[in-house]
Every structure is written in structure tokens, then in C-alpha cells.
Amino acid sequence: MRLTRRYRFCASHRLHSGALSEAENRALYGKCNNPFGHGHDYVLEVSIRGPLDPATGQLAPVGVLDRLVNDAVIAPMDHRNLNLEVPAFAAAVPTSENLAGEIERRLREAWPPAFSDSSVALAGIRLRETKRNSFETAS
Amino acid sequence: MRLTRRYRFCASHRLHSGALSEAENRALYGKCNNPFGHGHDYVLEVSIRGPLDPATGQLAPVGVLDRLVNDAVIAPMDHRNLNLEVPAFAAAVPTSENLAGEIERRLREAWPPAFSDSSVALAGIRLRETKRNSFETAS
Amino acid sequence: MRLTRRYRFCASHRLHSGALSEAENRALYGKCNNPFGHGHDYVLEVSIRGPLDPATGQLAPVGVLDRLVNDAVIAPMDHRNLNLEVPAFAAAVPTSENLAGEIERRLREAWPPAFSDSSVALAGIRLRETKRNSFETAS
Amino acid sequence: MRLTRRYRFCASHRLHSGALSEAENRALYGKCNNPFGHGHDYVLEVSIRGPLDPATGQLAPVGVLDRLVNDAVIAPMDHRNLNLEVPAFAAAVPTSENLAGEIERRLREAWPPAFSDSSVALAGIRLRETKRNSFETAS
Amino acid sequence: MRLTRRYRFCASHRLHSGALSEAENRALYGKCNNPFGHGHDYVLEVSIRGPLDPATGQLAPVGVLDRLVNDAVIAPMDHRNLNLEVPAFAAAVPTSENLAGEIERRLREAWPPAFSDSSVALAGIRLRETKRNSFETAS
Amino acid sequence: MRLTRRYRFCASHRLHSGALSEAENRALYGKCNNPFGHGHDYVLEVSIRGPLDPATGQLAPVGVLDRLVNDAVIAPMDHRNLNLEVPAFAAAVPTSENLAGEIERRLREAWPPAFSDSSVALAGIRLRETKRNSFETAS
């Protein structure tokens, strides 16, 4: 059994790689390289899997999942400038690929003992940047 | 090739486990423990997989799938009180996890010979409780 | 300028009119007359209109609107049985038409002075029962 | 007859009013007052109305509408920082209310002669900031 | 009170006006002038308004509305070629504007006595050609 | 990491198999066997997977993917009659299953060297015929 729960947050970012020249950055990232930044409303889906608890009929208490996602991801990223306010993006470019990777890393690091104890594991995340693009990790 | 088809039904339920005290039930299920019940519009996605029939260019006739899902799931659950009108939930708590499990069990039990004969198998189901939560089984 | 804000709540109900016979009730309401009830995830859109406050660039603080809608509608109706737990439906049938009317009446009765003082008025509500049906009042 | 056409653009902004103190700004705009900005994916619906051209069976060529909206709104706002790159928001706060007003003003100013000549008028716009909030003007 | 109910149908069409030259047709309708036709999944929203029946708590029985829409619109248009199978489009171009007008005309002509008797009137229709375009009539 | 990107196109088709009698065709395909054809707005999701490029923080430039999908699928199919204008459906029935297979075959054949060189592979496609039906291939 697998449970997927949906969250939303908005943030601004600028795509610019220190490994590339100004011209290469403009060619690669186009409008996303605009020095003043732009923003998105991200949709984050977090999937967990594990056995059902027969007493409760649930995979896991959603409150525990919500606290995890809120503390590790939403609170530090919602209504933020990713380049300036999320340490991982001081060096790495805040593309949606890197953002998905960072979110997954944060969820793993903060994985609650209540989940580990009952064999509830992260199954993967999906980050929707816009209606047209989404990024998935499978665990 | 995999075909996913979407169905809808609405039902009411109350989450309350006989294995837990009143206080534990209230703490665990929150508003869902309200003794008078509440309801949802469930979205059910049923996925099947198998080889294409070269004569028809189809995986399976959707009419056969619709009859299966209607007879096994929609007719006995739509506009029903799950606790009082679906026998499986006389004992088990009608959480979405248990509901997804019950739906999958019913589909397997009623799997039509026309599907078995042409190697069309259930690939899994996804039950969306609300926009925020969905539950998947993989077969 | 008009602002529309979306809320969600779920509830169960049974459609049965004391002014009609059993047979008439079954003929009129069909599956919705099931004595054990069923439920829906309602989407409620509340629209307000008024002049912009030049200092804030806003029509109204959304927090005031959220408190109004929560206190007058969501808290007393979410995860409830409308027939048994909302006094208006002890007598009236909890059709979506009557539910929309009751929601509008509650919003008017609890209209906050902060809104009246700045000429912010209710423009209307829209209640979506399912993807297929919605009900609107205009004020 | 009325035609509504949907566009999308993303932008970043910060809500901060020079008419208010730092503390008032924080209290009023909350997370949206974050000095480093944040962003949204806006959905813009533009509605026009007028008589049908009997030769073409159309209200207006959508290409003319698309050019208008692109030149007046999308090109100067998409992937931009509204505070720093859209002159109207050097002084005014880029709330969605003010942004909707600015978009309507730009459409009126650039209204094409081809539309005026055939009595095609702006019927109004709707700006969706997020799934929860939208802002409408009627003309 | 206003009730809006949503229907779907799919059809193919070709946009070509006998009042225009081949070159004008290609310039005006672009890909929609392709001689072999193309198709859409239309979403049709029908809105009715009227007083509530105090005995039933309903504006109108939805079964009556469904039969009207099915008989007058869905049955003769669903899975059809609009140019070849809907008489109105032997002469008129099946643009969405003309299709919306034809649908409204059909609903008015077939308006059921049960609705007229209880003062239930057509409030308007909305025809969504694609996610990007919709066409509305107000009555 | 897996990136899914969404495209849309509309087309008309008729379901009719030369391997079946007229009566069998009508029984099997129902309204979709209508000799004058009908149409759909297809949603196509293309998923690719591969390693991230550390310099750009991207899986692949979306421009390369867009050109591939446009040249191999959208340009030859959008606003077309699949039976008459797409060679594969001169013989095969343009069911959504066969259409999904044809789309996947075209993407593989035109797979760009820039993707092969950086180990970016097709992960699968999903073709949504309507809100109710979708078809997936996994690679």
C-alpha cells in the first residue's frame, strides 16, 4: 500500500550557473536567467509505503507526515527566495531537478522514528513546477 | 501497455476502531471520529495491463471493465454508508487504506473470464479520498 | 474589483422530505434517499467586492474572510452529518440548493464590522457538490 | 456572445507598502512581506464580447487577442520581478488586486483598432493567484 | 439561485467558410481549415435559474435537465462530424461560437413544460472547446 | 530522476477494423465506429530519465525534448484526421492503444544524439484520451 499526499508552496528563484559564462547562462536558461528572478507555485507530492497497522487501518498517521514535510520543506522554503534563503542553493542552481533532490534529502534526514519503527518508508516524491513539467524521484 | 480508467462514487463513513478506547479514537482520527459520520467523493482509478488484440487494436473492451467495476464496487458502495452497508466494514475501520484493499479484493474475486482468457491482468488501483490524499495498490 | 476565495469541507447527508411520501421520496431523490446517508466533498467559493484600500493595495485582509468562513460555515459543517448536526436541516432537506442558501445566510449574519466599515460586500457564493453540479447565489 | 481565453505567466514579487511601518507591513502581509521575495504562477483569463462576424462565424480572430495579451502583459511580466521590472509597481504594491488593475489598464490602452472597428469590447479579466484566490474585474 | 451542470461530448469538425476564398480560409482558420477535419472534447455547462420548490428543496429535478440536454444536444452531436451530421452546419461554419449558439437554440426550442410551469429558465451556457478557450451566452 | 512534460494535440479518427464485419465493428466500437468520424483533445505526457548534469543542474534541456516531440508527434498529428493523414493508421485501427504505441515508436526512432550521448532515456509515455481513460507504456 502506498499513500501520496499533496502539499503546495511558492518561492522565487533565478537559474544561473557559476560554471557557465553569462552568454551560456542566457542561452541555456533563457527567461529563467533573468537577474531579478521569477517565481512558481510548486506542488509537492510525497509518497510513503509500508504495511497497514491492523488496529488503526492506516499506513501512518497523516499528522506525522504533515509535520515532517512542514518542518523539513514547507517552513524553510514557502514564500522564500531559493537562491538567497535556502543554503543548498548558495552553490547549486535551484533548478526543479536540484530542488526535488534537495527536498528528498531533507525528508530522509528528518525521517521520524515513528515511521522507521513501523517500517514506513519514503516511496518517492514528485515536484510539479508548472502544469507542464514535473520531476520525480523513486526511492 | 496499461490502461487506466477513472470512476467516481460518493459514500459516508465514520472512523472508529473497536481495538482502541474512545479517547484513543478521538486522538487518532480527529474529526473523522465524529459519531454522526461524514462523507467523501471518491475517485477510483483502475489500471489493467496485457497484450493488445491485433484485430481490435485494444487491450480490452472497456464495457467489460465498466461492468466489473460497477457490479463489484460502484453499485454496492455508491451513495452508501460504508460502516453500515458494506459488510467488510462491520469489523474493519473504513479508512481509505482498508477501502482500497477491499476494492482490490472485490475486483480480483470478480475478475471476468474474458480478461483471464486474454491475459488481461489487474495492474493496480488508486483511490483518491480528497485532492490531498490518494492510496495506491500495485499488483 | 471582486475577490473569490475557495474553501473545502466534507459532510454526509440524506435527502428526504417530510412533505412527501416514502415512494415520492425514493422517486425524487433516488440513491440520495438511502436511509443510511452518503457524503460529499463540497467546494465553497465565496466572492466579495468593494473598493481597494490604497494604502494596502488590497480589497480586504484575507485573514478576516477566512475567519468569517471558518467560524460561520467550515467549523460547524466540516466532517458533520448535515441532517443531524446542523439545526437548519432538522426541518429543511439538505439539498445543495438549501445548503447554499444556509451558507449565504450564515455569512450575512456574521458579516464582520471590519468589512461593513470599508464597504466590502458579499458578492455571492458558489457551492460545488460534485464535478458535475454547482449552485450559485448572487447578492 | 463572450469568449474567454486563458494565459499563464510566472513572476516574483514582494508585498511591502511605503505607507505603512515595518511592523504594520509584517502584520498585514505576513510571509508575503519576506524581503527576498517569492513567486507565483498566475493564470490570466481575458474575456471579450461582441457580435459574431457572419462570414467567419467568429467573435474575433484569436491571433489578434493573443498578440494583444502577449505584447501588453505576458512579454513585460513573464519571468519578471514585478517590483523591480514593472514600472507601475515602483510605487504601488504588487498585490494581485493591483496587478489585475494594471493588466486591465494595459489591455485597454493597447486595445487594437481591429477590435474597436468590429465592436469587440473587453468584458473583464480574471487573475488567479493560486488555486485558492482569484480576482476579477468587470468592464 | 442558479444551478450549473456539466456535460461532455466529442465531435470532429472542419472550419471552412463558403463566403471566403481558399487562401482566406487557410489564413483565417489555420490548422482548423485542414480538409480532413480534426476533433475536440467539448465541455458543456448549462445553467438554469428559478425559485426553489419548498417541498423538495430543489430548483429543478436534474433528471429533467439531463434528458433535455441529452436529447437536444448530446445524442445528436456526440461522436459526430459536425459539418456532415448536424444540419445547422451544412451552411454555417462549425466554429465554437456558432456551436454555442446552436446549442442554446436547441435547448430553448426543446425547453420542457415542467420547467416553464415552475418558472425555471435557461440562464446561459458555457462551451469549453479546450482548456484555453470557452464561449458563453447569457440569457 | 525522471522528468515528465505535458503536451496537447487534437485529432479526429474513426474506429473500424478491416478484420471484422460491419456488425462486429458496430458492436465493438459503438459510437466510435460512426463513419463520419469524431475527435478528441489528447494529452500526451512524455517521461525521460537519466543523470543530472552537475554544471546545469538539469536532466536535459527541455528545448531538445520539445523539438523532438513537436517534430515526431505534434506537427504530423495535431489538427489531423488520424485515419487519413497518419500512414500507420492506413492499416492499423487508430485506437488510443495503437496511437500510444505509434507515438512511442516515433519518439524512439527520432531519439536525439544529444540525449543518447548524455544517457537520457525515454522512460515511458502516457496518452490521455479523455478525463476517464489513459494509456501508458513503460520503457
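Here are a few things to note about the model shown:
Which chain is which? They are A, B, C, D, E and F, in the order written, and residues in each are numbered from 1.
Note that contacts are C-beta pairs under 8 Å (C-beta built on N, C-alpha and C of every residue); 3 or more make two chains touch, one makes a residue touch a chain.
As the structure is a prediction and not an experimental result, all values here were calculated from the model.
A repeat of the D-E interface exists among B-F, A-D or B-C. It is B-F, with more than half of its contact pairs matching by residue number.
Comparing the centres of all chains, each the average of its CA atoms, the largest separation from chain A belongs to E.
In terms of C-beta pairs in contact, the better-connected of the chain pairs C-E and B-C is B-C. One inter-chain figure worth recording: chain A and chain C are separated by 34 Å, centre to centre, where each centre is the mean of the chain's CA atoms. Measuring from the averaged C-alpha position of chain A to that of chain F gives a distance of 29 Å.
Centres computed as Cα averages put chain A at a distance of 43 Å from chain E. Multi-chain contact residues of chain C (touching two or more other chains) are listed as 131. Pairs of chains that satisfy the touch definition comprise A-B, A-D, A-F, B-C, B-F, C-D, C-E, D-E, E-F. Residue ranges of chain C in contact with chain B, taken from their complex: 8, 10-13, 31-32, 34, 36-41, 78-81, 84-85, 130-131. For chain F in complex with chain B, the residues that touch the partner chain are 15, 17, 19-20, 28, 92-95, 97-98, 100-101, 131-138. Interface residues of chain F, counted against chain A in their complex, comprise 1-6, 52, 54-59, 61-62.
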